[in-house]
Every structure is written in structure tokens, then in C-alpha cells.
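Shared between the two complexes below is subunit A, which pairs with subunit B and subunit C, respectively.
Here is the complex of A and B:
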């Protein structure tokens, strides 16, 4: 990342200085709760464990006497297994199990059987000895191979088109993006007959446990799923125990030995989900001033062998688009099925929608900022756009394609939002007589900072410094916590944890009141000190030592309709992003210079992890905009770039200065933050590219070949 | 990965002897190991021995040296000199900037710290059909080049096949324009010019170079080419190979180009000399942008792009022009 001196952005005069908190890296952000929280400068609780390698990920569990499990997979898009030497595979030293369940496949990477062996080497030798031979059939790898034309345009939409000054017809498309977590998908199961421990790389320890009863042949009380750390999730690890977990469970149970089943990198690309490809066809009518009066938008999502899941959020609802007809279809292909991927459907939709808006602005000669302010349905985003325009210096923007010189600069923007999905969360805060505190909830930290957020909330509402609190998460035996998907972990855990901390505090003060013979209402716990009518009388440890029993447990719970509603507060997850980039017009290579990401997320519980979440979202969005592309060979249906070299992901030299700006106006309750920051980035990047070169590139990724073609087309 | 022995060679002759002896069925030379290990991990190679040449000079590689003789200067690298040492050598930067630039723009700092000069020249192509175990392509003894009907955006725009890889080495084009020579042991010759090191796929598709089994590169020499430059166009700036690259060595008479040698990379199965461009550059002033452009446009004569890679036709003249400008000491984009 480029080195930049820490400099404070001075707030624009007319903006409410309390409503935003601009940041430069190294960050100098000041959330609205600055000075009121223990977390202004709090660092990730598990940061040191992670960077020193002390953190144990599921994949790190190499148990004594372990078996290893791998799937036999169909190597082509449509295949029939014509021969396989199962005897030879079984005879391979170290092999304990070879099963073939089916002999055909409808996508490359599809599991058709499995092998279990005492080492990874034995596994590989057995795969080789199996020598499965496949006949390949004709396969469908692209939406265009299969899609049906869009349905008829309704009369109302036709009228809108007929009455418009102009009509834009365009097709936008996005490729398949794979989750590519550093830690691939899988689990290690240690089955000991009447109990088991499952080390799973999962975004939901509870859901993973739910799916394992049969595989383990145990009661829920007899096993525990653990996920203390996870090397990236992004949605693809929301599928319960997953086939890998179930396979490891079955093998471990059958052989009475630990079993490990993790995908290799290529298998991870092929068969652990993805963001489906999309194609969005628009016919949109608009007037000379850029006002959109209506039309027809139809999209297709390429969902591989899945039945659905190809939604594309265009129209997004962020803009008033007049009489707009919209439809979406999922298209089946010979490819792996999608799974939820950080804001499913949204980056695809916002890429099409934001670029469409800028194309309309270009045709009308209108300012994309002005046009958005007119159409925008959210007052918060309108304000954010105005602030962002100042921060990125929108006034310095030149007309599309007008830059002189070989390198041309462009600016673009896009918006985001996210709903609040309620889920059940239970929390406990235990205070021990020795003054130690444990905050418990059965959720997990997928890198978002959940562990830290839970600790901060407990510390703050109990009234002790953060370092007094241990956080226990990542185990299915803890009180129920939400899965880490839909950006719903923090905001559902928060009310429960706050309630638990307050309950624990009340119980502590009650116990203390008894001992001291003072009324509990005169006591308080603030910053680790007991106050009596506002005067410090003892510290927290001394108070705990007076406890009549070994521990006190405070409890809290939150659900859609019950419990802790008073801690919900106000807030949204709206946001906007601005992208500043340069294009080398001779080579078509794009260099992103700077991204401003303004984001609301309710109350900021931990500034650093909140900013990190925004920065990560932007990085993933830029990577999607510029590089990521799962490519299937059109003849065989096999993936040609099933690695992390040819499947390209944004690297250090491609990463711009990213400035997260936490929007705090009107934000008092904890809200979603995981997904929204990755939604607008690709769209804003495509808009900035249009501004730089004067022509749209309507197909992701924005690679030099497409940029050069667009430049050529733009030339009169 | 299969089990294998690591045989540490104490000299290049020792390495050659181990390879030629019948001690191992499938010994493979390993220097930095960057490309060798990639092959092992993908299951493309299953050697029973890696013959490690990293200690062939007793530990450290011989330093980069310049020899001057009868007014001519030549520079000598060890086979084991790393890309980082080449990129940061003030001698190479001054005497053959194209080579320093080619090494400095390759790969990543981590790779450059271990990748050796000989290994870089002899690394295998990045073609995704070659690199994936799912495709039994010509290079692996199969019966077809999957790129022809398949996906070929990173493939060759020159050459008649039957295989359409591009040669991936950054160093090779730079050494081609600087009269590079690979010094050998273990065979019946002492050296081979880089210009003769590679063969086109029609002369053997299973390998790219002309070394015989047991022949080991010991050193590389090149002529000083103080007015030389290298330019790579990269889709991604970290951790990636170039889309197109060009190395140029000029003889300048003031601002007039008196002579030019031009070699392109990542456009053909071998480093691709472009004599017609060299010819056209003659007598053009390095300040005459239109003249340079016209000369560089000749680069694509005879090219035959595949279904997905015609964009390389646009990139190649740009890479060459920028390499020319760098060779003349000018700033480029």
C-alpha cells in the first residue's frame, strides 16, 4: 500500500463535523463515540496470535494417527467415468477406504466418490492408481449458451420508453468470482466413540453442529464444533458442516481415528461455491436532463448446477428509475453451484446500475453527481455523496475522455446499503471472584473482528477495562450465537451482550450492596472502580473478592421479537464510494489511485476493526473490478485457472490508498458492516474508467484488452 | 508430491555427472527451485532426485564481473546469480540496463531473491493447459494443443504451432539483444548463444530449449549494451508475468538511431527477434515520436493472433517504443 503521511482532512465548512470522520492511513479517525468508549484505540484481541502463528486454524490440526480424506471428482463439464481401477486404489499402501458413488458428472470438480488414507501422499498415490478415465460430453459454460430472451416488455414500460427523449440499450456482464479464502474448506474430526470434537473452518459453529448428528452417530450433547479462527469465509463457509466435514465425520467414526478433509486450492475454486456470473440487459428511457422515466431491465445469473441463486440487484432501489420493469432468471450451466458471497447479487447489480447511470449522464452531458442527487432515494446517501465529492475533489473532474496525454485520470462513484436481518443471540458474562471476566457467545470471528466487538461491548457495559475480559466464542456448546453471514453477527450479538453485561453488573452490585449494607442503587461500576454515590470506594478486583460465591453469571438474549430490544438503537448501513484512477491509454492498464469509502454501520464499536472491514471490502471490490475471473475451457468445461496465479487477485502493487470514513450521524445502535463496503466498488471503478477514456467497458473484469477496445470505439 | 532424494552437487561437473549416471531414473536439476517445485506440486513431474546446483560454486555465486578486451566489454554472471542481484547490480545497470530492468520487473521481491539466472532462462511456460493436470496437451505427450480451440488470451501471436505457448522468461529477450551466451559443462560444447538456446515447437514440443540431458549452465556472458532498455506491460502489477515485453539495444549517433536490436517476449514460443523493426528504427531520431511509432508498428507484421489475444497486437508496438525510449535514457509512462 502506498505510504502516505498521516494528514488530517479538514472538514468542509458547511458539513456537520460530527456527522463524518474522515480517515487517512495510518488512521486518525474519530468516531462520534470517541472518548466515551474503551475502544477508541483498541486493537484486535487476537491480532498478535494471528500474526505470530499462535492462532490454530482448523487446517492446522494434524492429529496423531490421523486419516486424510479426499474426493474423487469429475474432471470435465459433462463426463462419464468409463473405467476406474478401484482394486488398485484399495491396494495402495495406507489406503483404508475407496468408494465410488456415481459414475457421471455434470460439472468439473463434482465429487463422485472418496478415498481415505493414512497420509496425503498415500491419498495421491491411490488417486493415481485409481486411474479414473472419463469420456467428456458437450457442456455449457456461459450464460449466453443457454439463456432465453427476456420476457415481453410491459405496456407501461413501453409507454415510458416511447415517451422518453432518449433510450439507452446495453448489456452488462460479470464473471464468476470464487471466494478464494486462504484457508480452504474443510474440517478435522476427532471421534472417540462416545464423543467427538470437530475442528471446522466454518462461518457458523451452531449450523455446522446441526448437520453432523448422522455422520457422527452421536447426540448433540456428545460433540462440539470448534472454530477459534478461520482463514477467510466470505459466505462459502455458511453451509453447515459442508461435504468435507461430513466426510471427515463419517470416516473418523468408521475407523475410530481422527480424520481430516480439506480441499486443495483447485478443488476450492471448483466446488466450494462462488459469486455467480451475471448478464444484465437494459433498455432505459430518459429525458434530456437525465431523468430516468422507465424501461425494462432483465438479468440472468449463471448458477451452474444449482436451481436458483442467480439474483442480480439491478435495479437496486437506490434510485428512482420511473416506470421500470425488472426481472431475473437463474441459468443452469455445467459448473459448480454458487454459495452466498459477500452481498450476494449486489456487486453484480451495482456494477450494471452505476455504469448505466453514468452512461446516461454522458449522453445528456450531465454531471453524474447531480444526476444521482436527483434520483437518490436515501437522504443519508445524498449527504454522503456531497461529502465524498469534496474529499475526492470532484470539482477537478474533467469531461469524459477529455484528458490530454497518454495517461488519463477518471473519477467515479457508487452507492451501497444493507438491511438488518434479525437472528437469535444469547450471551453470558461471567465474573469470577478473582476479578476475571469471560464474555461468552456461540458465534465466531471470521476475521471481521467479532471477538473484539464482543469484548468491547462486555467491557464497556460492565464498566471494566477491555483487558479484564476474556472472550469465549467459536464453540457450538456456548450459548447460541448467529452464523456469520448476511452481515448479522455484530448487530444481533450486541444487544444480547450488552444485556448480559448489564445483568452481570447489576448482580455484582447487588451482592456488594449486601456485603456493604448499602443500597445497590447508590453503587456503580465505572472504568474498573466501584463508585458509591459517585465516589470511588474500591477497585473491581477488591469488589469481586467480596463475592459470596465463586462466580456471578449475567445473561442476555436477543431475538426478532423478544429480549434486549432496548439496546437496538438507531442506524443504517448506507454508504457511498468514490474512485480516482488513471488509465494508460496506450496499454489499457488501469491504476487505481485512491478510494474514498464513506460508510454508516450504526455505532462504531471498535474503530480499527470497522475500518479494516471497509478497507477489506474495497480491496475485494477492486479485485472483482479488475481481475477476478473463473474461466472454464469452453470445450471441456474444466477450469483453466484453478490456482492463485492465473486466477488473479488484487496484489500489493495494485492496491491504492483506501480511506474509510465512518459515518456517525444518527447512528446509535450497532448495524451491519460486513457486506455493504464491497457492493459499490466495481461500479464506481467502471464509472471512473468511463470518465477517463470516454467510453464504457460493460464487462468485468476491466482488463487491458477491453479498455483498449473501448478507447478505439470512442475515437471518432 | 512423490518421494525423492536431494542430491547436492559440489560443482557443475558433479551435477552433470549425477544426472548422467544411472543412480537415478529421473533426476532433475534444481537451482532456486521456484519452477521445479511448482511442477512437483502440480504433479507434472515426479523425479526420484533433485540435483541441487545451489552449492555448485561452493556456496555463494561468483560475483558479476566485467571483462574488457580489445575495446570490447563483456559481462559475466554466474548461473546462480539471482534476479535481485542482477536488478540491483550497479555494473549491470550501467552496462546493460535492459537486463537489470528485465530482472527488476520480474515476479515479486521474494521470488527475485531466490530465482537464478539459469533457472529463469530455463523455466517452463505458464500456459494454463500445460500447467493443469486436467489437460493432456502436446507438451505432455497428448495429441493436441487445447489453446487452439480453447482459451488463449495469454498465448502466442507468432509462430506456426503446433503448440502456442509463450516463452515466459524476462531475461531472455534482454540477453538476446545483448549477445548473451550460456556457458555449459557436461556436453560436447562449452557454450551456446542465447539466440540458439531455444527452439520452436515444430522442432520438438516436449521442451523449449536445446540443452542435452546432463548439460548444465555454469555462467552467462553478454556484451555491454549501455543504450539498452526493457519494457513489460503487465495486467497486474504484483505476482504476475507480463502480457507483452520488449528489449531493445541501440547504437546512437547523437539522437539518431544508428543501429537497433529488438526482441519481444511473451508473444511467441521463443524470444522473438524483430529484425524488421530494428531495420525500420535505423536513422530515426529518438525525438521523432511519429517516426518511432511507424517503425514499431512493423512489429506485428506476420503475426497471427488467436481467438482471444489480438489485443497483444496493440501492446507490442507500445512496449517496443517504450523500450526504445528507455534505451535512449528517456522517461516513459
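Here is the complex of A and C:
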């Protein structure tokens, strides 16, 4: 186990530190970069662009003579358009196009047509003039309205249940969570007849380009998709060009003017994907010592009008659950379809699984930590649990619901893992005669720090300081790069970028060897200096000035079975989290005090951005646990909180101390990091709540009403 | 008693468009009740009085677009805008200052925060006409040439940004907080920034950035030594 000595830090004067909350914080298990070129304190390369407002996001492009496009949408869960005044909409000044494609809808927010106009004001006026009237039909908004009963329990599982000392029967549920990226979904298309530029808010510039050929009626060589910056994605912008991009493309092509199509905030909640709701029914047998012997877990995912995507990762495979039968069903509802959302299926599953484990521990009077250490299938997570227990002061935990006083404290924990998904990646490193370097790959940075990761890898493996390197990403015309989803960007780009940098370095040294009349094997490039047999002879800029041609291009590529495999990490990205919270038992209000998040991700390429990924995962997980809930009116199927004041997202006042701990033991290569830190947070929070009040709350979000109900039911 | 309401609902900022005299909702209703027309005319006159005198500037509001001047980051911008245009729209669409972000368009998220006469305002909740004659500072106005403001430096050092879309708003809120309270405590920082939502989840790094920018020790040193 790595040493993680605690560093004493004095809390600010009147910080709200309760007596039981330690005021010291551990340092992270600081990784050492493999080269000496890049310091571990490297900051995000696009930091300056982002703090000065210079970073241009797709939604920031307001072009001269632009048209604006908006969808006409079905306002109810099941609807039939009975009238619409298309002529009046067309007659609205500034309106150039009104189209209605269909006159019925099966979810609130479903696009049924569109309007294009010369200003957003004209668009709004046309929408009012259209005055579409709808008849609402009966709709299905909850899993319980539609779900089929679980299949028969198998004989093996029945035998396990019959032989167990106890059986826990419980139902866990989670609500729909919307991605709510701050930049909504859309694109600006500038079609100039025989070429086009598309500014798209996308998590995959290549996929977005692939989806636009028909809309633009251009060859793939005639247009480019650009996404230099994107205001959040979390999975909902993995849908190629999206219907917004296609609409903007069609309108721009038809009218020969730029066109912008972005969802408003309410539309974004309704129709740009979500984490589907879930219901997990467990019947699990266990013995007096807490050993789980088997049973039957069945889950349902509420996928709206989609056909599938309702998977729930319970059981997760993290625990040995004996003879466990498991099944899952996607349930169709009159609601918007899900899209991938940071670790699809996992936070739902781990919420159910971790709380189930702690409920079993409670019935047996067992320590949740001890029970996990016994059932855990990963040796790495066992060590992480022990470290985390030390950091959160697990020994100070009291028995469930035993705290005295109005405010009760609770501790809980949960585990996570994520595997590697191979994807094709190509990279180029170009060295110019003036000493400037460009690292190119056609991926994008959704806030993860990918731009910085690409720059660090190039700098280190070329042998120059980071400030020598410009990074070019976010364009579909660059060498192919992966989409930013499934935590697959860094670990697929890394082998390609490393190979490209090494190729560029070899070519530079070859060219230099010819010029100097020295064998290339005697030359090296380290820290921005050319070494000849280990002695510095000139700096990088001087060497570049001697190049016989304007530029040198190094190339690298990675594919499932291709080259550069040696740079891959092995195994999964494991992690554990511990949550320390307090509950006001009179109001039911939860205050999270502290979260310890221990996370492996292979070699840490950029420490600051890696830690930010972990902190962000925890914050999204806490927000999911405590607040977020896309609420549909069960009578009309419309969303009652399609905004950012009633669709609640964790804010600064709700944010606890969060301590990311990067786990380096046994870590090789570059591995996944984006998804795993958001997986265990809700489960660990629910476990901490059980510890505090002595009763489980099995339905997210953990709102005060449910907390008070649970407290009341737990009263003897 | 802790408050479970997500903190961005805490009214931590000045309601947009309220003149320095402090028109409350109640007094506004009273005025309207007495004479809506007179109240409007008076406000109009006040606005024109504040504006830089120019025969070209609009002297009536709507329905057609009219010309106004806004003083943004020390420079005067002459804009032709529809009277319903919000300050956020005027900045982004008309003045080409897209650093001010549009996210919720109803004052719930803080992404469009700017300073108006030094006070923090959600610019989506203020009409551009109401900003005539006032000093508007946007995120583009924080740096002096290429020299970043200390709060910008601190945000970068603490990696207090991920996708960066909430960053301009959080920077303006931090700047306003620090000008009111040069050494805010940890709790005051959390409270002071509670009008801003960050979806990527950078809050803890933002707290540390503000602590450091105000000369205090952050809870974590992002560049601390290896363990």
C-alpha cells in the first residue's frame, strides 16, 4: 500500500468544521511523470483561452446574415396536433421556412417540424403565430405503469434462497437524470455552395462529419466539422451531428446563408438524452455472518421511446454474490430517449448494490467494511478500502442510527471500476524549421483535459518542454481520433501520439545526422537540447533551423490489433469512495461533509486535470444522489421542472470537502478515468445515510421527505 | 439548520435592473398602481439622461430596433437593438463579446454574470436599455492586455475549470466577492459563489482558487510535493 502521509492544513477561521470532521487532508499519491521534460504541475493548456473568454464554443458563433432554426415540438406525452396556423407563421416578418413533418407525438419535446427565421425574435413570434393546438392522449410515464414481472427464479437460485439464514427483499429505484451540459445541443453551419464549415457542440468531430453528408449534399472532402471547445457533454453529444446539426445543415444549404440551431434549456431537458430511470428488485439470501449465498436480482430501465439502453449494472461483478440470478428489461415510456451518460447503467446499479450490501450488514450486525473485504473480487480495491477507511476515520463510525442529538453523522462506502474500450486513433507530430511543434489528432477536449494530455505526451516523447508544443484537435479534417465517450479518449490517443512523437524525433535526428555528418545513433533530444554522445551540442531551435526542408512529420497510429500496444495499460481502472455526512433528523436535510475518492487510472499524464476528473465525478454523483430528478406530469407526460432552478443541480453551498487520491500502485500505461469516479458516489451516500439514521432510503434522490419517512418507519 | 435547497437558489446577487435608489417590488407596484404611463415615461427620461448625449441614439423604445450606446470594458459600443434585447444578448450577439455565456436565460445559473457599475448582475435578467450609461465589465475586461487578473491566474493554477463554460460567470462572481470582501472565509466563498452552477464539478478547485487569490492558504496545493 502506498504511503499517504497526512499533511496538516489549518482550516480557515470560521470554516464549518464539525468536531468529528478531521481538518487535515491527505496529499494525493502524487505520480511522477516518466520523463523530466514535463513538470507534474503542468496546468491545462487552454486555461488562458477559457479564463479570458477567448475560447469560442459552437454556440458563440453569431454569423452575419445568419438564420436561426428551432423545432416545433409535441408538448405532451401522447399528442395529436389538431390545428396549426402555418400561413400565419410563414407571414411573420423574418420567417423563411415553416415545415410540419408529422402531426402526432409520443413524448413531450418530440420534434414534429421546424421554423427558420432571420432572428431569434422572429422565431419566437412565428412559434406564437403558429399557435399549434394539441389533443393529449393517455400516456405512460413510470416504469411501474408498463413493466413485466421478473422471470421465474431458477432452481439454483431458489435452492440458495432456501438454504440461507435470511432473505432480504427490497426494491431500489433511481429517477431520470438529464445531462444538462451548460452549452446546449446544436451547431452553426456555414454552407457556401461547394464547401461548408460546421461549428458543432459535439463529443465526436469525426462522427459528426460522417452524419452530415446528406444534409450538406457535399462530399466528405468539401466540409469540416470544428469543435475547439465544448460546454460539457457527459455522453449526450455522442450522437454524431445530431438533429440540430442536420437541421442547421439543411437550412444553410437551402438558403445559402449560415444557420444556427441550438436547443433552449427546456428543450435540452426534454429531447437530448438522459440517464434512464431504474428499478431494481432484489431477493437475496445471506447467512448470519453476512455471506451472500445467492438469489435473484431483476432490474428495469425506463428508456422512454427508445428500444433499449435500460441496462442496470447490478450485480456489478465487484462482489462475490454466490448463486445470483440476474436479468434486465428496458421499459418503453412516453418520454425522451436516453443517451449514454457518464458510465451508463453503473451509478443506478451501484446505488442498489452498495445499499443492499449495507442493509445485509445491518441485519447481521456486521461491519460494512469487513463484509466488503470478504466479498470483494479485486485485490486492488481491497487495499483501497483499507486506505480509505484510514483517511475517513472509519473507526469513529458508530452503529446505525445510534447517534445522539438532532444531527446524526453517517459513513458509507462504495467501489468502482471501468475497463478499456479500444478505438482507432491516428496522430501526427509536425516539427517546423522555426522550432515550433504541432501535435495533431482528430479528437476533442470536452473538459477532461485531452488537449493537455496530447500536448504532454508529445512533449515528453519528443523531448521538448511543454511550451514548445501546440496541440491541434477538434477538427474533422485532422488524423482520425476517437469520440470522447466511455473514458476511451486518452488511452486510445496516447499510443498513437507517443508513436508519432517518437517517429518525429527519429526523423529529426536522422536529418540532423546528415547535416552534421555524424551517425544518428549518437544523437538524442532531451529537454529541448540536442545531445551528441550525451553532451549538449545545440538547442532544439538551432537544430530545427538546420532542417533541409520546411517541416518534418512524425506519424503514429493505434488500433485494436495494430502497433503501439506497449503503451497500453493493463486491467481495469479501479477505485473506492467514502462519504461522511450529517443528517438533521428534524428536517431530513442531508449535509455531506467529506468525500474520499481513491482512483486508479494507469499512468497519470496530467495530474491537475486527472484530479479534476475525480472531483467532478464525485460532484456529479452527489448531485445525482441528493437532488436531480426529471419529473414528468403523469397525466400529460410533460416535464414539470425543465429548467435549472427546479431541476436541481448541486451548488457551491452543497459541496463538501473532496479529496481525490490517485492510486499509482501497479499502474502501467494510460487507462480510463472519466467514468469511474462518478459510479460509486450515490451508493456510498445512501450507505452513509443508512448509517446515520438507521434505516435505508431506497429511492433516489435522497430528499428530506424520504429521509423523514425512513426515520419515522425506523422508530420502534 | 442546514439548507437542503441547492445553493444556487440563494439570492446572493443584486436583482438586475434595480436602480441604485433601491426600488423594491412593493414600491414598484405602488408606482405602477398610481400611474403606469407616468412611471414609464419617467424611467425613459432617466435612461436618456444617463446615456451619452447623441442625436443618433434612440429616443423611443420599440417596436423597431433602435440605437443605444453601451460602455463595455471601458469602450463605447454603438448597437442597434430590439428593445426586448437583454444585456446578455446585446453582449453576445451585438457586441461580439461571447465570453458571457448563455445557459439558462432566466437567472438561475450565473453563467452570464457581469459587473454593472461594479455590482454582480445576471445579464440575461437585465434589459440592454437598462445598462445604458453604466460601466459594464465582462470576462473579456478582466485581463489588462496580456496580463491576467490574479483571480484568472489562480483559476488556472488550481484547475478551477473543466469545459470552461461556467468559468466566465464564476470569475465575475469571484471578482465581485473579492471586491466586497478581500479576505472571505471558506464559508463566505461558498455562499458568495452560490449563484453559479458548474456542471463538470469544479467547485472545490474554485474555492481554493479564490482563497489563494485573496492571499490565503488554499485547502489543497495543486502543485504540492509528491507524497
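In this section, the second predicted complex is superposed on the first by the 676 of 716 C-alpha atoms of A that agree within 3 Å, B and C clash if a C-alpha of one lies under 4 Å from a C-alpha of the other, contacts with A are read in each partner's own complex, and residues count from 1 in each chain.
Here is the rule we use: a contact is a pair of C-beta atoms (placed from the backbone, for glycine too) under 8 Å apart; a residue touches a chain by one contact, two chains touch by 3 or more.
Here the structure is a predicted model, which is why all the values come from computation and not from measurement.
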**Request:** Kindly classify A:62 by the partners it touches after superposition: subunit B alone (first), subunit C alone (second), both, or neither?
**Result:** second
**Prompt:** Now for A:448: first (subunit B), second (subunit C), both, or neither, which partner does it touch?
**Reply:** second
**Request:** Identify the partner contact of A:41: answer first if only subunit B is touched, second if only subunit C is, both if each is, neither if none is.
**Result:** second
**Item:** Touch count on subunit A, higher of subunit B and subunit C
**Value:** C
**Message:** Quick check for you: in the superposed arrangement, does A:615 touch first (subunit B), second (subunit C), both or neither?
**Reply:** second
**Message:** A:342 in the overlay: touching subunit B, subunit C, both, or neither? Say first, second, both or neither.
**Reply:** neither
**Prompt:** Just subunit B (first), just subunit C (second), both, or neither: which does A:627 touch?
**Reply:** both
**Request:** Check the residue A:654 against both partner chains and state whether it touches subunit B (first), subunit C (second), both, or neither.
**Result:** both
**Request:** Would you sort A:587 into first (subunit B), second (subunit C), both or neither based on which partner it touches?
**Result:** both
**Request:** Quick one: classify A:635 as touching subunit B (first), subunit C (second), both or neither.
**Result:** first
**Asked** Which positions of subunit A sit in both the subunit B and the subunit C interface?
**Response** 121, 584, 587-589, 591, 626-627, 643, 645, 648, 650-654, 703-704
**Request:** Flag every residue of subunit A that touches subunit C in the complex, lowest number first.
**Result:** 2-5, 7, 9-16, 25-32, 40-41, 43-44, 46-57, 59-60, 62, 119, 121, 180-184, 229-234, 264-265, 446-449, 582, 584, 587-591, 608-609, 611-612, 615-620, 623, 626-627, 643-645, 648-655, 657-659, 703-704
**Message:** Per the contact definition, I'd like the list of subunit B residues that touch subunit A in the complex.
**Reply:** 1-3, 43, 126, 128-129, 131-132, 134-135, 146, 149-151, 153, 233-240, 243, 311, 314-315, 318, 333
**Request:** Using the touch rule from the top, collect the residues of subunit A that touch subunit B in their complex.
**Result:** 75-76, 108, 121, 124, 406-407, 584, 586-589, 591, 626-627, 631, 633-636, 638, 640-643, 645-646, 648, 650-654, 703-705, 708-709
**Message:** Taking the touch rule as given, give the residues of subunit C at its contact with subunit A in the complex, in rising order.
**Reply:** 1-10, 82, 84, 92-93, 96-106, 108-109, 111, 138-140, 142-143, 148, 152, 155-157, 159, 161-168, 171, 185-187, 189-191, 193-194, 196-207, 211, 216-217, 219-220, 222-227
